[in-house]
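Next up, some structures in structure tokens.
Each of the next two complexes has subunit A plus one more chain, namely subunit B in the first and subunit C in the second.
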Partner chain A sequence: MGRSLSWVYVAALFAFVFAPILTSMVFSFNSDRFPTVPLGEFTTHWYETAFSRPEVWTAFRNSLVVAASAAALSTFIGFATAYTDFRFGFRFKSAYLALALLPPTIPLVIMGLAMLAWLSQLGLSGTIQGIIIAHTVMGAPFAMAICRLRLQQMDPSLEAAARNLGASPWRAMRTVVIPFCMPAIISAYCLTAAVSFDEFMVAWFVSGLHRTVPVIILEILQGNVDPQINAIGTVVFLTSMTLVIVSQLLILRKSAK
Partner chain B sequence: MTAADPLVDFSGVKKNYGTFEAVKTLDLTIGRGEFVAIMGPSGCGKTTTLRMLAGLENPTAGTIRIDGQVMNDVPVHERDTPLVWQSLALFPFLNVVENVEFGLKMRGVEAKERRDRAMLWLDRMGLKGFETRPVDALSGGQRQRVALARSLVTEPQMLLLDEPLSALDAHLVIRMQGVLTKLQKELGITFVYVTHSQSEAFAMADRVVIMGQGEIAQIGTPQEIFRAPNNRFVAEFVGRNNILEGTVSGGIITIDGAEYPLPGAADGPAEIVVAADRMEIHATVSDAAAIPAEFVSEEFAGTGIICYFEGPDGEELKAQVNETQLAALAPEPGQTFWLSWLPDAAHVMAG
Partner chain C sequence: MGRAASCGAAFPHFGPAPVPRSNFVYRSVWQWPLLIWQGLFFIGPLLLMVAMTFWLVRNYRMEPDFVFDNWERMLTRGFFWDAYFVTLGRAALAATLASLIAFPASFALAFRASETVRRWAIFFLIVPFFTSYLVRIYAWQVLLAESGPLNGLLGYVGLGPFTMLNSGFGAMVGYMTLVLPLVVILQTFSLAAVDRNLIEAARNLGANPRATLFRVIVPAAKIGLIIGFVFAFILTFGDFVSPAYLGGSNPPTLSILIVDTTKSGQQWPRASVVALMMIVTLFIVAFAAVAAAYRRKE
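Showing the complex of A and B:
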């Protein structure tokens, strides 16, 4: 009895979380102009319309470039920060860690405004590089958290053992530390790519004419309510979910060992 | 202390961590082909000493020489001092043979040759057929042998071992001790073995270095350390020793008013050591001098049974007996016995 109740509870929880997304997916294939029940006929018309617009393609390309680059930078910075924490002891280490983990706690509106102000000082506002920088700042703490988790599972003697067997410091990093952390590094890459691909607020502030997918969704939405949004939304959701699931699988598989 | 053909020389070596003195003035020579065990309680500086030899720590002062060359500024990876780690530190993302090859790969040995040499060592360690297994699919003893093969494949002139057997089951420890001593004899290289276990140190080493609080307390053969500890620290650390205080006068030591012969000892206050296996237990008082002691408990310890007693001043006294003797004595806690020893069983400590 208690067992089946808890299953009902879990099912209800998932329904609550996923119902809006599922609804959006269902309506993306619905021929009616407005989301009403009963449903009309099945159609891929909204996908065709959405993806016949060149600015949607440009937005996807922008989002992919930004996500791929920001994820690479975030993962590099995140791994380096986590390794520094793992390997070295120094004064103010807790302050260092707090600072490294700070960005996700900043409200997005503030972050967006701050990024806009800062990037325009650098002459980078409204550029792809600007969005990449902003998303790197936002992704690095997540990458660090994931790499840190993996490093905590590493026997500290492992790196010393490589050095003891004749590896220079860089070679030990390349042949031992990075291979050991590889699942976490890939996982961090996927997760930060997903964070960037989804991110609207900061991108909206700094993107200017180089709109990313979430920004163009808002623009279409501001014009008129149109099931094209559902179509684009579904593609974005599937992309992000794939990245997050890959990331989670890699983390779980390695921690199980 | 010098060795006949020195390979390693510590001279005035100190290591401080902030204000903590991990190693205070270490002078030690280790000979070529010698099996030296460095033994002591945790925090005595034995592992720091080993790590300094491998270059994993830099000495605060003093010089370390290997083969006559000053090593202080030689980085870890340019030294030929492979270490067998307490945790083994096998690379989990490499299989058995890739682990063994690692050192050769770092030295730039080409693929075919390093595979052949690694296979040779796996064969020698009885691990033939395991080469493509992941290391975490091996048993503790097998992993141990992979770690040894990985360290020895580069044919070093010295092998460092940091409590390598501490994670193994008791029966495997004995077997690995055999493997290690045999290997050391066959290869003729120097083994520097750090441990807190006296049974390991005494079973394998040619010389034992006892360290306490960052200093060498005594260096000697296992027999010397066991029968003739220099000082109270060594006597207590080695265990199963009775330490007795008294005053010597004319070859007689007076302990708690009773007189015991102690030929050849200098007059004055002295501490003597009597090993538990040289202490005799008497159920009744006799003419010979003996210490009255209350039985506390017994402990089965491999080679015999250690009986624990409480002496007149509350000190702990130990005597080793076999099972027949124990059955004959049938001691009850609180029961009084008399403990004595033959004059030649007593060793006077220097300091």
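Showing the complex of A and C:
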């Protein structure tokens, strides 16, 4: 394939990947309910309709609570697991790591079903806590991966040096390991929050009446064509992207050092 | 590392500290969160799902039992196997298509792009993971509609209108939306890691570009290419949204079967049977692929 032709191909592939993202943003300001070319007029009607509904606000609040809590739990579990892998050797370590990294390989629809059954046994189905629990299970592996990569860059003797100079393991953790990992910890928090903020399948199964934003989108999607989805989706996109860009900046800044 | 060695010489007791027994508490604090959480909320639910396949639903309530009714009920019915082979076939097709479509782009990014361009390309391919998949599928619903923008554009050149929604084609567009970015990323990484000297050597030995590609580059990047295929397979095999909202649920896939059986019928045990069949299939595919990826050249 010719050089310029191959760049045309790459451009076409990126166009395909970004077409739905860009069109949903454009159509969120487009007056036609059933958009076609040429486009209709500019309007903020869909934003006004979507955000005049109290259940949309409630869903945003639910989503934020879930994302913030699940991200905190995921990041703690992920960091603890990454540190365990970095610092300690023990029997069955490969099984331990398999457990840490397995959840993303299970299809979401199956996670949803299993979670729904389990949480209803525990009396937690249909609660905010249930969604937080499920999203933590799904987020922890990502947090673990991010923290583990950062620990890889740490000289293992740094912690040992602190110990030799008389620091307790707790103090070495507080004054050496955690400061070193801070960019990764914040980055893991942002990324797991973004993952939780967009997750719809498991949330749909377990949320009951406490719907999150993606669940609302899913329910609108099951009905008729409704450009409110574009408006809500654009706001969700900007929220997630803010989180992702913050985390990327942290990763880039630390690797530049 | 050099610093560690010199310090080690200055302080004889220095070195990666062995973990004394008194650190048991310290160590457990880091080791146990994963075991507790994933044991309680990941392994627990999966085991319950296995157990549930032997339970019965009476008067809309599940009761623990040990019967094979659900297995029999699902596995002896045509509709289950129809859905099974539709899902399997579609996932295989989607993974193949995604691998083939991604390859020329990954090749260009790996061998013809500068380091900076490649890094930006990868960044832009990560962005879609953090946009709502649902919103993207909705955008395709609008774009591909009978009177939508795409048919409008095609109309200008005298084509169409085509029916693209609620068809296998629609579902495939959705699958590509889901997996293409990931497949390109994985392929690009594996191709960029191919030793340039190997390619240089092939050229010097007189291999034409075609032979270099198929007999040197592809075998050297094999693991990454297979991993890309497997991820595409796993994601499309379990996807609910594309077959439901772009494929029109017709024919139903296994994930649609699970959702319908769970949500409308309250038949969690039967849905669990479907789920287990899916997990078993995914394991077989994943193991076969890993075996293929790491198989030594015969």
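Note that the second predicted complex is superposed on the first by the 244 of 257 C-alpha atoms of A that agree within 3 Å, B and C clash if a C-alpha of one lies under 4 Å from a C-alpha of the other, contacts with A are read in each partner's own complex, and residues count from 1 in each chain.
Everything below uses one rule, namely that a residue touches a chain if its C-beta (ideal position, glycine included) is under 8 Å from a C-beta of that chain, and two chains touch if they have at least 3 such contacts.
Please read these numbers as outputs of a predicted model, since none were measured by experiment.
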### Task
Examine A:140 and indicate which partner it touches, taking first as subunit B and second as subunit C; both and neither are also allowed.
second
### Message
Between subunit B and subunit C, whom does A:115 touch in the aligned arrangement: first, second, both, or neither?
### Response
second
### Which superposed partner A:196 touches (first subunit B, second subunit C, both, neither)
neither
### Query
Should A:160 be classified as contacting the first partner (subunit B), the second (subunit C), both, or neither?
both
### Query
Who does A:103 touch here: subunit B (first), subunit C (second), both, or neither?
second
### Query
Counting only touches as set out at the top, which of subunit B and subunit C does A:221 meet: first, second, both, neither?
second
### Query
Looking at subunit A, does subunit C or subunit B touch more of its residues?
C
### Message
Once chain A of both complexes is superposed, is A:207 in touch with subunit B (first), subunit C (second), both, or neither?
### Response
neither
### Query
When the two structures are overlaid on chain A, which partner does A:69 contact: first (subunit B), second (subunit C), both, or neither?
neither
### Query
Do any residues of subunit A touch both subunit B and subunit C, and if so, which are they?
155, 157, 160-161, 163-164, 169
### Residues of subunit A touching subunit C in the complex
1, 3, 6-7, 9-10, 13-14, 16-21, 23-24, 27, 34-37, 73, 76-77, 80-81, 83-84, 87-88, 90, 96, 99-100, 102-103, 105-111, 113-119, 121, 133-134, 136-137, 140, 144, 155-157, 159-161, 163-164, 169-170, 194-195, 198, 200-201, 205, 214, 217-218, 221, 225, 229-230, 232-233, 236-237, 240-241, 243-244, 248
### Query
Can you list the residues on subunit C that touch subunit A in the complex?
1, 3-4, 7-8, 11, 13-17, 19, 23, 26-27, 29-31, 33-35, 37-39, 41-46, 48-49, 52, 101-102, 104-105, 107-109, 112, 121, 123-128, 130-143, 145, 147-149, 151-153, 176-177, 180-181, 184, 234, 237-240, 245, 255, 258-259, 262, 268, 271-272, 275, 278-279, 282, 286
### Summary
As the complex stands, subunit B meets subunit A at residues 54, 56, 75-78, 81-83, 85-87, 89, 91-93, 102-103, 106-107, 136, 150-151, 154
### Task
Please give the residue numbers of subunit A that touch subunit B in the complex, ascending.
155, 157-158, 160-169, 171-172, 175-176, 179-180, 182, 257
